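By written order: A, B, C and D. Residues from 1 in each chain.
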C-alpha cells in the first residue's frame, strides 16, 4: 500500500507548494488543537498575502498570531479575534482585513466546502450585519440567508493519532474545527502527536478518514493553555 | 440525573404518540442496521397514511416492507426500492407514492433537517428528472440545484450500544443513515442491542450524542442478511 | 435592592427543568451552573464541542485539550460526549439545545438582541452568539437593567448592530423578570425590595405592568 | 473479438494509479477489483459508509453488520474507516474519490449518462449513482458497446432519463476505449482483433478516429 503512505519527515515537505496569496484553512479553537509546527513552518517560509480561515487568530506570540509579526496575513475569516493586540492594531491600520463569521456558520462553511455543497441557508445572522447583501429566502415562514462554502489551497490540521494512511483521531475538545478543516483543503496536512500503523485505529473511532489527508507529519506540541482556571 | 434517563421498557411506550399521516425518518441501509422491533410495533399499531423517509423499503416480509401488507404507507422517500415486489405492485396501482431521491442528497437532507439548515445546493441531479422544478444557481460556473431538508414527527434508529442518556454508537456499516435519522425526528426513538450505564461509552467514540434522543429501548434483532456472498 | 450577580444567576437557574440541555454564555450565565435547584439536573453544552461540561479541573486534572467555549480549562461529567464544531452547531442551529442563557448590551420589544459589537470600539467578533440566538428553543437574556450611567438596556429599538432578530422571549435583570411579547415588556417579577416605579423608570421600551407584581422567590 | 467481462474489467483496472480511492459500481465495475495490476494499491469506497472495502467474507467472517453498497456481505481491509452515509457522500460529492467506475444504458457526446431508469419498466431508483457522477474527479463508464440487438449505446444524445450531465470523460467497452470531448468520441484503443470499421458501425455519436488506433494491451 505504498501509494497510501502519507508520512513526510520534514516540515518543508509538509508545507511544500504553499505560495503567496494562497488560502489556508486551519483547525483549532483558541490555542487548543492547533497545528503548532505547521504554523511555525509558515512563519519560517515567510509566505505572505495569506487568507487564513480559522475560528481565532491565536495570541500575540503563539498560534496563528505569530504570522502577524511579519505581516504574512492579508485576511482572516474568523468568528472571534479578541485575544490579540497585534491583530487589532493591524486591523485599525488597514493592514489586515477580517471577515467576521458566526462560529456555527464558519464550521458549516468548511464542512460544506469539503462536501461539495457550494452554499446553504441558515437563520444565523439574518437581520444583522452578517446578513447584509446576502440572498434571503423564506422556508416555513422564517427568513434565512444564503451562505457560501469555503475551501482552501491548504488545510492545516492537528490530530492526536494519525496512521500512515492519514486516518486521524482527535483528543477531547482539541477536535473542534479540525475535522472540517481536513475536508476543505486542496492539500490537507496533518500534524499528529503520534503516528501509528494502519489497523491500530478502530475503523469506527476514526474521526477523519484518510481520503481527506495528503500529508502526515509527527509533531511536538507545547499545548499552551489560554485560560487556566482551577476548581475552587 | 433522572431527567436524562431515556430508557423505556415497552414498545408501546417507545412509539407512543405516533398517529396516522405522520412522517417517520428511518435509519438503515437495506436490511442492515434497521430498528426491527420499532418497525414491528408500527405494524402492530396499524398506523396508516404514513410518509416514511428511508433509503430503502425492506423486502416483502422483513424490514419496512412489512408495513406495506396492510397499506400503512402513503409515501416513501427513498433512493432505491428495488428489492420489494409488493412495493412495485402498490406503486403501479397508485396506492403508494414514491419520491426517488439520490442517496447522498437523502443523507444530506436528513442531516440538514437535524442541523437547522432548511436547504442546500448540490450538483447531484442537475439536468436529470430529480432537478426538474427545482431552483438552479451557478457557483464558479457550475449549475447546482436547491434541495430542501427533511424532518419527521418521529425518527426510528437502530444502535449497537446506547447508554441511558441516549448516547449511541453503531456497529460497522450498520451505522449508515442512523446518525442523521437520529437528528431529524421531533421524537427520536433508539432501539439498541445493548443498553449501558452513562460513562461506559468513551465520549470521543459516541456517534450520536444523547441530546438528539428522546427514548431508548432494548431490542432483540434477527439481523437478516440480504445478500450473503462468500469468498471464493 | 438590585440583585447581586449571584442572585441573578440563582434566579436564572430557576428556569431550568430536569433534563434540560443548556448553553450558558460567558459571565453571569456561567454562574447559573452553580445554582441549579435541588432535584434538577441539567447538561451543559459548550459550543466548542462538548456536551456534559463539568466543573473546572483540579491542578492534577488540568488538560490543555479539555477547554470550554470561553477557552477555560474544564472537565467532562459522566455520560458526556465530545464532537466537532460542525456537530456542535448542528445541535444548536437545529434547535436541540433547550435553553440558552446569554448576556446583552441591549434588547428591544421586537425580541431583538445586540450583544457583540460596539462600532469603532469593540470588534472582537460574535463567536457562537449569533448561532445560539438563531437556534435555541428558549433564549434567556440576563444583564443589568440599566448601564452604569442609568441608561436603560431594555429599549423600544436596539441602537447597536444586532446579534439576532425576533428571538428573545425572557429577560432576567438585577431588577426584574420580564417577558417580551406583543412589542412590549411584560413585567413578571421584581427583585425583593425593588419598586415597580424604579423598573418603569429604567425601562425605555413599553412596559406592561399587571395589577400585582410578585417579588422573586429565592 | 469483443472482450469478455473479465477482460473489460482488466482493462478498467489499468486506469488505476497507486494510491487511488476508487468507487466501483455493481457488475463489471466490481470485477475490476480482481484485476488491479501488480505494484498498484487502491482503496475501495463503498457508499454505504466504508472506506477500505475488502473481499467477501469466509463462512466464519460473515457479519450482518458488514455489507457493501450492493448489500453483499464484505470485509474491511487493514486501515479501513467506517462512517455515516452523510460522511460517505460528503467524500463523494466533495470530489475526494479519485475514480468512479459505473455501468450505463447510454452515454452521449456531451458526456451525459443514463443509467438508472427506463420509463414504464425499471423504476427502482438511482441509489448513489447521481451523487457519484456529480462528484467524482474521474468517471469511467464501462458497458457493452451495443445492446443485444446491436444498437449503439454511444449516442449523439441520450434518449433515457439522465443520471448526470457533462460528467463522463472515458468509456471502456467490449470493443474499445474512448474519450469524450468536443462533442465527439475519440477512439483511443480497440480490443484485440476488433476493427475500426466495427467500432464505427456500433458508435451512433460522432467518432473521431486517429491514423493509428493501437490494440489494448493486457
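What we mean here is this: a contact is a pair of C-beta atoms (placed from the backbone, for glycine too) under 8 Å apart; a residue touches a chain by one contact, two chains touch by 3 or more.
Everything quoted here is computed from the prediction, not taken from an experiment.
> Shortest hop count from chain A to chain B along touching chains?
Graph distance in the chain contact network comes out at 1.
> Taking each chain's centre as the mean of its Cα atoms, which chain lies farthest from chain C?
D
> Per the centroid of Cα atoms for each chain, what is the distance between chain B and chain C, given in Å?
Between these chains, centre-to-centre, one finds 35 Å.
> Once you find the CA centre of chain B and the CA centre of chain D, what distance in Å lies between them?
A distance of 29 Å separates the two centres.
> Touching two or more other chains, which residues of chain D qualify?
In chain D, residues 76, 82-83, 89, 92-93, 134-135 touch at least two other chains, as defined above.
> Name the residues of chain A that each touch 2 or more other chains.
108, 111, 115-117, 122-123, 171-172, 175, 203-204, 207
> Report the complete set of touching chain pairs.
A-B, A-C, A-D, B-C, B-D
> Residue numbers of chain B touching chain A in their complex, please.
Those residues of chain B that touch chain A are 108, 112, 115-123, 137, 139-140, 142, 144, 148, 169-172, 175, 203-205, 207.
> If we count contacts the way the header does, which residues on chain D are in touch with chain A in the complex?
Chain D reaches chain A through residues 17-21, 40-43, 45, 51-52, 76, 78-83, 87, 89-97, 134-135.
> What does chain B use to touch chain C in their complex?
1-4, 111, 113-117, 163-165, 167, 183, 198-199, 203-204, 206, 209-212
> Given the complex with chain A, which residues does chain C contribute to the contact?
Chain C residues touching chain A: 46-50, 55-59, 61-68, 70-74, 76, 82-86, 88-89, 92-93, 112, 117, 123-131, 134-135, 161-166.
> Spell out the part of chain B that touches chain D in their complex, as residue ranges.
29-33, 55, 78-83, 88, 91, 98, 100, 102-108, 110-111, 122-130, 160, 171-180, 207, 223-232
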